[in-house]
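What follows is a pair of complexes built around chain A, which joins chain B in one and chain C in the other.
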Partner chain A sequence: MASLEIEDVTKSYGATLILDRVSVAVPDGAFLTLVGPSGCGKSTLLRILAGLELQDGGRLRIGGQDVSHLRPSRRDIAMVFQSYALYPHMTVAQNIAIPLILRRLPLWQRLPLLSRLLPQARATLGQIEAEVAGAMAMLGLTHLADRRPVQLSGGQRQRVALGRALVRQPAVFLLDEPLSNLDAKLRVHMRAEIAALHARLGTTFVYVTHDQIEAMTMSTHVAVMMEGRLLQVATPAEIYAEPANLQVAEFIGSPRINVLPARVGSGGAAQLAGLALQGRIAAPAGASVQIGIRPEHLILRADPGGVGTVTAIENTGPELFVSVLTEGDTVLVARLTPDQGAGLRPGSRVALDVLPGKALAFDADGARIGFGHSVAAARELYHAR
Partner chain B sequence: MSGAHRLGRTARIARLVVLCLGAAVMLAPFVWGLAASFKPAAEIWSGSLRLIPQTFHGWENYSAALSRAPFGRFLLNGLIVCAGILLFQLIFAIPCAYALSKHRFAGRTVIFGAVLVGLLIPVHVTAIPLYLGFARLGLLDSYAALIAPFTISVFGIFLFRQFFAAIPDDLIAAARVDGFSEWAIIWRVVVPASWPAITAFAIFSVTSHWNDLFWPFIVIQSTELAPPALGVVYFRRDESGVDFGPMMAATVIVTAPLVLAFLLAQRRFIDGITLSGVKG
Partner chain C sequence: MPAELAPGEGLLGRAQRLRRIGAALTGWGLSLPAALLMLVMILIPTLSAAILALTDYQLGARSIRFVGGANFAAMWEDRVFWQAFANTLIYTALTVPVSVGLGLGAALLIEADPLGRTTFRTIYFLPVTALLVAMATVWEFILHPQLGLVNVALAQIGVTGPDWLADPDWVLPSLGFIFVWQQTGYNMILFLAGLKGIPSELYHAARVDGADRGIERFAMVTWPGLAATTLFVTVITTLYSFRVFDTVAALTQGGPSNASNVLLYNIYREGFVYLRTGYASAMTLVFLALILAVAMVQMRGRRGGGA
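What follows is the complex of A and B.
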């Protein structure tokens, strides 16, 4: 049970800057997901949090206590690794018990014979066995207690790794891409299981992934990282709806957000090929900007005189992803319900519109800028849909 | 289809024949020695090639060998020396290899380079300086002289480093998070995951030192300190080297424990490979 503060953490390997003054703070009980493409520094940040790597600068606080220079075992953290990192020569029960044994029994009491003879050590061991049994029951591992890791499936190993972490009741859980070695179906299942575990334990979780779906579905806080920098920390809904910059907007969301170059006209109007947008861009006239439109905010209407041509339709069942070639050789992707896309075929001419108030504007450097809309026009368009 | 199958079978038979021939060539001296240890002298020198002795003279040969030289003592010496060498080699090589493979520190590549260079230096080069050193220390003709020069095995360091490098870093990191000390990580996480390498190294180490004649010949004078190979030499010297029956019996006595140990270790070796699923 602890809040977590990361303050100005910097790390480089030789001349390569891995983390560039990363700061993030989350309250007790948060589920913070560090998400970004591979090589963005998210795993390094997690390893620094764990104390497995030493930061070049900056501080880390867990529950208000400065842990920047403490050994991993002193930080009151537990970690789940991508490869599970179970001890191959120990059984499931032993794997889960080992962190407790190492913490609660002094060295001399851990000797195989003494621990059985000393009443105090025996009492401690009994207590540990009870806790391990509890953890195994919670994760459905009881019937596997005497198996070794090689005899387990991927999902079972994953659960043992979770058990080894949670049995200690740490202040913070660190999880490094724990689902990436599982098959797709199991991944969805374990995703729900980890989220449920977080809800039940109420402990602070820090979760590293490159999978935006994991980030969006499990977290209370999503931190998007790229090239060693933290781009935005916000709730999943906010990250999606109000990305702070173009990189975040492009990273989160599948299919990717459509990005169109545009120019700011007189009075802040957006001038771009093939699309009419209401609203005023908060940028001087003549500036070049980029307009981002999520696929589900793009409206297609079959129209023989329309500017767009449907080039491909992907049917996923509940929705269609429709690619449209429009003026300026840009391809936009729209997400439609099967009903909305019923009349469309590859080659169909379509007119394009954008759900009012939903287009996002970014300046030439990718930073988000204001894009206000006229309310009346928005309402009109919405009902027309 | 069946033609291809038949071709596969002929190829397999050919391979088996070649392997059997190779094995026969390798084993022939041992088989001959074993057969000779059961034959009387006249039959050994008869000139005809016959494996099964016509007159069974084994009892006489073996009792002669055992009565004329303290072979029990030689075997015990071999055990003490080999166990001592292996123990120290493991104590030194495992932590060293762990540091070289899992820690980043200044001079690591230089030290590993030195290990590789050490692999290139034959034991004979250092024999004279070592002999002089032991003479100066007054340690000649002792177990210490037999064990000490081999306690640090660059081959062991090299072998373990390569093996440890394949142990996932995550496993070490998990052990650190769980609260193992570095020392405990070595003996309780790395060593149990490395049994195949340790067994392989033990086989190399024990066979080479059990059979070593060169170094014991230099530093040992007393018969009661002689390891097995040197014991056979003493035996031969004492018996003026003509009595081949007891001589071969002596050789069999000296070699048998090693062969048995190897057969046992081999099973363990295979177990080790199948049990250690480090990679998950």
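What follows is the complex of A and C.
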């Protein structure tokens, strides 16, 4: 168990900058998720944490100890790979035992015959067997101990990979898109299982995914990365409600946040087509800004004189995603309960409104700026950048 | 209603039957060319050899007589056959481990560093593309007792090299060396393909798990990952090694005093020099049985190691 600090880590391959001075620190026991579109550098950062690749610059500290230049085996980390990376010729029990055997038995004692003959090696092996049995029991793998990886389902392989990682009780767990090879149903199940495992072990987890749902549901800290830069690190709730910039706001949330161009009027009022917004934007009059509105903050009222026209309704069961064409050829998406959307049909005219205080404002470069209620918070975010 | 449906069902049943027949015909039609080729190229010659092996037929002779197992009995007593048999096994035992081992080593070295990968791959593979009969003349010169590259080089350090191709103790190793020279590149290519099939994440996992030394990662990942390739390469090399003929025919003609006589060359000599077709056919069957036995090892290994 240990805290984790990543400080100014930089990495490039040739002329391509993969990581641009990435810094993030989380306390002991945190579940840090690195999330971002593919190619954003999140996997590279994880592999640098593991020591599988060396950074060009910057430091890594685990539990306060500088591990920047240590080999993977000396960093007290364990890793779960996207493809699980189980040794195909070994049984489940052997796969889980490997990290312990490699650490506790010197090379010559691992020879099949010697390990049986030497009392000391035999004692060590007995201890290892007990620990492996414990890990297998914890993950419900006991009945599969003698199977080989090919004989296992995807979910079972996933569990073996977790077992191999946790049997050593490392200071930090690294997980590289561990659920991406599973089918949708199993993914939801394993998501809960990994979160429960984290709660039980209390170890620091670093989890890489491109799936925002995984990031939001499992983590204590979400780090959004894009094009090699860390855009924001915060709790899932904060990332969603108070995104530091437009890229984060657009990446997190499904359906995607509605973004409308607007102009700042006198007194900081927002001027945009088809919508009236309260609050003052913290930008000089005349500046172009962008307004972000989450689909669930958009209110639709059936109104023959309304400015919007419903173009499509997607029914997911518990909620409706209603697309509305409004002035300026903009399409907005609203998330409604079936009751709220009961009267709407494609072609219906609607009036649009926004829940008070929920709209977000961004400047022309996408940085978050204050808007009404959240001026102070937004300023803070802006200056922290 | 059932009465109205009946004709429809009849039509449907007819359509299903027609489709089944069509599918069967298509299957037979598609496999026919391959089946014909196998019949003409493999089964009929093998069958002819099996029949000839039971006769005293001589190439060009007008008479042919059924002699039962007499040819096999003669083989049992034939010292030259047994020497050729033993020579073939010794040659195989010499060449297979060396060319498989060198092929693996070359593949590992080439795969280890991208620097010059294509160049080295080409260099090692070059001998495979060379025509062995043509290259044999080059080797004859290299191994020449007085003028040859090898003995001239040895003389520089004060060693008098043997007459590589005329010394009964050295002729098999010398021929084996030429085989290794050619086969190593082929084995290397197969091993390179095998190495490509090992996921790199396994090496990463091994490093995280604590396999710091290269030898540990080789034992944990590379060697098990190459199991199927190694079996295949060994079997293929063994089969090629059994079939050694061209270097023997071009360089030594089985000499000196049968020291480099091998099974295939012996068959050739009996059949086409002494014209004893019946006897040569009997030896061919024995040779075939040997090849088949090795091929079975491969097939069994493939079934067993399906993982």
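Here are a few things to note about the model shown:
Rule of thumb we're sticking to: the second predicted complex is superposed on the first by the 372 of 385 C-alpha atoms of A that agree within 3 Å, B and C clash if a C-alpha of one lies under 4 Å from a C-alpha of the other, contacts with A are read in each partner's own complex, and residues count from 1 in each chain.
The rule we apply is simple: contacts are C-beta pairs under 8 Å (C-beta built on N, C-alpha and C of every residue); 3 or more make two chains touch, one makes a residue touch a chain.
Bear in mind that the values here come from a model prediction, so they are computed numbers and not experimental data.
With chain A as the common reference for superposition, the partners chain B and chain C occupy clashing space. Of the two partner chains placed by the overlay, chain B and chain C both lie in contact with A:72.
In the superposed model, A:82 lies in contact with both chain B and chain C. In the superposed pair of complexes, A:98 makes contact with chain B and with chain C alike. Residue contacts after overlaying the shared chain place A:157 against chain B, while chain C stays out of touching range.
Judged by the touch definition given at the top, the superposed model places A:52 against both chain B and chain C.
Shared interface residues of chain A, touching chain B in one complex and chain C in the other, are 47, 50-52, 71-73, 77-79, 81-83, 85-89, 98-99, 102-103, 148, 150, 164. By the touch rule above, chain C contacts chain A in their complex via residues 199, 201-202, 204-205, 207-213, 216, 220-221, 224-225, 227, 307.
Within the complex formed with chain C, the chain A residues making contact are 47, 50-52, 71-73, 77-79, 81-83, 85-89, 98-99, 102-103, 107, 148, 150, 164. Residues of chain A that touch chain B in their complex: 47, 50-52, 71-73, 77-79, 81-89, 98-99, 102-103, 148-150, 157, 164.
Of all the residues in chain B, the ones that touch chain A in their complex are 168, 170-171, 173-180, 184, 189, 192-193, 275-280.
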